[in-house]
Amino acid sequence: MRPSQRQPAQLRDIRITRRFTRHAEGSVLIEAGDTQVLCTASIEENVPPFLRGKGQGWVTAEYGMLPRATHTRGAREAAKGKQSGRTQEIQRLIGRSLRAVVDLKALGERQITLDCDVLQADGGTRCASITGAWVALADACALLVAKGKLPASPLKDHVAAVSVGLYQGLAVLDLDYAEDSNCDTDMNVVMTGSGGIVEIQGTAEGEPFSRAQADSLLDLASGGIAQLIAAQKAALAQALASAA
Amino acid sequence: MRPSQRQPAQLRDIRITRRFTRHAEGSVLIEAGDTQVLCTASIEENVPPFLRGKGQGWVTAEYGMLPRATHTRGAREAAKGKQSGRTQEIQRLIGRSLRAVVDLKALGERQITLDCDVLQADGGTRCASITGAWVALADACALLVAKGKLPASPLKDHVAAVSVGLYQGLAVLDLDYAEDSNCDTDMNVVMTGSGGIVEIQGTAEGEPFSRAQADSLLDLASGGIAQLIAAQKAALAQALASAA
Amino acid sequence: MRPSQRQPAQLRDIRITRRFTRHAEGSVLIEAGDTQVLCTASIEENVPPFLRGKGQGWVTAEYGMLPRATHTRGAREAAKGKQSGRTQEIQRLIGRSLRAVVDLKALGERQITLDCDVLQADGGTRCASITGAWVALADACALLVAKGKLPASPLKDHVAAVSVGLYQGLAVLDLDYAEDSNCDTDMNVVMTGSGGIVEIQGTAEGEPFSRAQADSLLDLASGGIAQLIAAQKAALAQALASAA
Amino acid sequence: MRPSQRQPAQLRDIRITRRFTRHAEGSVLIEAGDTQVLCTASIEENVPPFLRGKGQGWVTAEYGMLPRATHTRGAREAAKGKQSGRTQEIQRLIGRSLRAVVDLKALGERQITLDCDVLQADGGTRCASITGAWVALADACALLVAKGKLPASPLKDHVAAVSVGLYQGLAVLDLDYAEDSNCDTDMNVVMTGSGGIVEIQGTAEGEPFSRAQADSLLDLASGGIAQLIAAQKAALAQALASAA
Amino acid sequence: MRPSQRQPAQLRDIRITRRFTRHAEGSVLIEAGDTQVLCTASIEENVPPFLRGKGQGWVTAEYGMLPRATHTRGAREAAKGKQSGRTQEIQRLIGRSLRAVVDLKALGERQITLDCDVLQADGGTRCASITGAWVALADACALLVAKGKLPASPLKDHVAAVSVGLYQGLAVLDLDYAEDSNCDTDMNVVMTGSGGIVEIQGTAEGEPFSRAQADSLLDLASGGIAQLIAAQKAALAQALASAA
Amino acid sequence: MRPSQRQPAQLRDIRITRRFTRHAEGSVLIEAGDTQVLCTASIEENVPPFLRGKGQGWVTAEYGMLPRATHTRGAREAAKGKQSGRTQEIQRLIGRSLRAVVDLKALGERQITLDCDVLQADGGTRCASITGAWVALADACALLVAKGKLPASPLKDHVAAVSVGLYQGLAVLDLDYAEDSNCDTDMNVVMTGSGGIVEIQGTAEGEPFSRAQADSLLDLASGGIAQLIAAQKAALAQALASAA
């Protein structure tokens, strides 16, 4: 039995609030149960040095966690003077996942930065970041089209992410903190709207897992991703109040 | 005429939401117009090295701004590897202001850290941080009393802060970004519930200001602080839903 | 056709030289084709602060690349003053992979650090690091037994790693640099001697990959790992010249 | 009674030595009692990136304290690898104060950097820095005129700073260390030669202060500033030995 | 009697292996007894900012030590986030020594970086670095000539380095770790093929040394350098297998 | 002919002012021509971690240069966030030189830190630092004796330093900046009062130098050191005004 009483294949409640803050070209608060991540998309009309003059754009991501997003306060990375290995690993993953569904040539010589800041953490923050950041990115791309800067959105597909894991021997979907901190295996899966796999990151926390277990985790993830992409579509279908 | 159509002595709408997130001992979202700051209070049962064994507690603050809280994206301080001089100046101010109304001996050998993170910026973030952090601190102190760790709250008084300034020659209260970025003089004033002054920080951005102008700014601030402290009292008067 | 003329399921020549340097408790040069990594194991008779007094040991890893291990010179991380996100990601992976096969309680309150330094890079350096570091770790554990500090080796199993990927649509084993820099999908797989999976890290560099492709890549990896573990066993079977 | 036996409104002896060192375009040793600050002005014929091509100059300041300027040795900031929040706060204040009396357009596209290094500290180092740096700046501006690079000095007015405070309930001028470390309220005031206020920074160290106390502190500061500006004028009136 | 049983004026066995790794324009493993340093030369077709447009090239060096090159593991400088004073001192010495024998104008506007990484340390690593780096530099220069980029090698002479010291009152040549850590005086001498002195760095570790002792140490060094330069010549005389 | 019209073996005018500042246990301004260095000695009643419980003391040094000590302003190391290789090299040299004449066991478990801060630079700052720091150290040791903390000074001898070099083919003593920046060879020599050599650091800036030239430089240095030590003795012979 899962601590949250959920069924093995049951996602947490998901809420996606667009235009959560007003300055960013895309601003999304995504909530997966008690996990809350603010994802903003910022457009800059230039590209990093390594891409200058190459006729293409760039999409990148940064990730942070407010010091008291967690059960006990963590040290502020700005005060420590460096980002942890975990933070860098996560923001590299978010950036790669989003770039997988963007036509960078169609984006033109501009960069979109997705800032994913965790306001409250209850497991699955990197997956929620990817799923939410995609919606913020979609809003930013729509704005580029609305302003006549692009003829069409450079987004080729949806992308979303979910965690799966082995909790007390059982394959379960969308682990919360209570499960995540006690599971044997934790796997993050990133997939597109058309079912392609973008990333698999599976780690045995305790005992190694078998190929059969890997297969059942991938099956579970695939079902979860489909629901998350449906939630993205529902959020985008709602009219967005015009910005002040 | 002020860009926001407010009267010279009119505050922006103020909203104080307690228990905005669930892990912190105090968690307050304060909104002053479009400025939004999340203030959390975290209790730790030890004190920094310079206070060990001295029979007193400590209250400190850290300040941050999400990269896209502002009109254009600012670099993430954690990625740059250091906090700016402005950030350090602000967090030192917040800490000093709060300590002015805490009986550190009565707090016992524990530390309360106030994290003030700006989700959206429209001027006045340091003042909103102080006003909101005081409420989060009050909730944390109440929790210490409720848990039997302290016989009574170590808070001696309220404290709140407001900015005043000279905008096109006119003394105005509670500057928003449109005013703040075009004013001649900007003054931040921190005062207690009983009307004592804790901090005055006044800066001529353009022309120096006269003593008479300084006097009128201090008068204006005093009236604004009274309203902010009333808002703190109203927020604390509301029953707090019990934590899940 | 692969640039190296290898068959799709063919590993590069693998060479494992034990006691490559003389001060470390384990010192292994692993060569996979032109990739060369020096892996040393260093025993310290204490544990990091978070484990003190918990009656268990720790195994950790650090990774580095000599500036001219690569085709063009890379900046020295010590001179830049920080380790890149890629470096941190890799050393975290190596540490997790090794800990999966160590009985940390049986190790006692000591730490073994595996330093994996790339002398020459031609793709697959993180996988070679894991495979080679395991041998250095085995030598260090044997030394602890030989010196009477442990009754038996705390190693529970072998662990090795290999990369697989989709190169021009074809699933291939053990990518070298020519393949790695042009592949569509790159997957690193870490497995134990008994066939358990410790890590899967698969990334679509270009197009997303299908579940069927993921399955064939995992199959390929499984075969490669078996050969690598055979190479580890062969290396350990050789008598080690006594240290001077 | 003040520890130094001074009257409440009495400044410490002030000495201003121009051309204290020979390489800088302005070099002033200012002594206020036992506080000694070396202020140098360095002209560079370019401006920081954010001002390039805007047809104006810039004035900025840096502040430092020799490790043994104080009663007990403080760690060297260069060795610690960062400037403290206090240092940054002070150097930002010095820069703002000086810019308030410079016509940056008239300065042209060049930068003048004021380095204020405390050789010996006995309270009031930031105020002495401002008062002394203004004289160094005046010498540097005079040199620009003498060399024919500017038709007239871009200085619009004098600027000087003094501290005032409540010491044992009494409002006193120009606190030394013995007073500063035991006062209830400490206020730094920066004013121009024509009596305009540039900065007020008042902090209650112990009990909050009343508006009436604030008023009496500002009165006291105003009188002290007038004397400091007279000292600046006297220093500038002396012929400067020609540089070797 | 020396711990290694060597005669006072006897060098350790010296081995110089060219093309030890394959990407660098010069790659030399130098072994002096148990000290092993990998020296690579990397050519870049531009110069550092301070030399741009001056019609000359630059030669520089970086030095590092693998964490377990030594008897006990040293912290990795990349992980600590800075290079030690010792490391910087050594790499500055290597760079100066090599530049003494290069015609920088003849090199043209390009830079050659010598990376000296210690794989195993047994005393004398800075001297071995200089001696080995010269050979790597010679190979890189020869490559520039072979590719037609330069008409002739810009090398004006050989350069090599050796340590001498007072060990138990006796002047000895080429100290190993057992001697180095117990000697009274340690002197590193860098000389050219024609017998010119490039650097003398002599330090009394215990008692000061006399002028007569200094003289005998310099005599000893001169003989050692001659043998090291002969070893460089022998190494260069061997045909180099063509790169794959 | 030397730019300063001095004879080849003529030192610059040397002035040693004791008790230049008042907080430090020793405080010396040393002037060698236009070079001015403030050397303070600070006593701390504990030792660094690597010496705890070993029954001995420690003497260490730190070196800095005010940004405008030089002809053109140099960046402040505290602002850059790190000390240059040159700074570290110099402070290591100062520390080693002083320790050569201190009986560290007799000093007891305390540390004396010598801060050498260059107020004005005209060549030879590291040598002036050593010569001046020794006097500050002597004053600090005398204070320990005067206070009854030590029965006798732990200083075993004087130590002083001077530079010598080849300027336009001529061996000259005590180079100033005009000579230092144009010389062929620069050698810093540190010697004791009894004529022992503590350090020789000789560098060929242009052409290598011969053994005969090295000999003549060492002769010249020896004579200069004798004069510097006489100046130290003269300075110490003067009565020191009692501290206020």
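Labels for the chains are A, B, C, D, E and F, by order of writing; each one numbers its residues from 1.
The rule is short, and it goes like this: a residue touches a chain if its C-beta (ideal position, glycine included) is under 8 Å from a C-beta of that chain, and two chains touch if they have at least 3 such contacts.
Chain-to-protein mapping (UniProt): A, B, C, D, E, F = Ribonuclease PH.
Owing to the predicted nature of the structure, the values given are computational and were not obtained by experimental measurement.
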Touching subunit A (Ribonuclease PH) and also subunit E (Ribonuclease PH), the following chains
C
Computing the C-alpha centre of each chain, which chain sits at the greatest distance from subunit E (Ribonuclease PH)?
B
Label of the chain whose CA centroid is most distant from the centroid of subunit D (Ribonuclease PH):
C
Counting only Cα atoms for the centres, state how far subunit C (Ribonuclease PH) is from subunit F (Ribonuclease PH) in Å.
51
Return the distance between the CA-based centres of subunit A (Ribonuclease PH) and subunit F (Ribonuclease PH), expressed in whole Å.
59
Distance-wise, how many Å sit between the C-alpha centres of subunit B (Ribonuclease PH) and subunit D (Ribonuclease PH), to the nearest whole number?
29
Among the residues of subunit B (Ribonuclease PH), pick out those that touch two or more other chains and give their numbers.
81-82
Name the shape of the chain contact graph, picking from line, ring, star, complete and other.
ring
Starting from subunit B (Ribonuclease PH), with subunit D (Ribonuclease PH) taken as the next chain, the full ring order
B, D, F, E, C, A
Subunit B (Ribonuclease PH) touches which residues of subunit A (Ribonuclease PH) in the complex?
21-24, 27, 34, 36, 38, 40, 42, 44, 62, 64, 66-73, 76-83, 87, 113, 115, 117, 119-121
Residue numbers on subunit D (Ribonuclease PH) that touch subunit B (Ribonuclease PH), as the complex places them
82, 85-86, 88-89, 91-92, 96, 100, 187, 191-192, 194-204, 207-211, 214-215, 218, 222
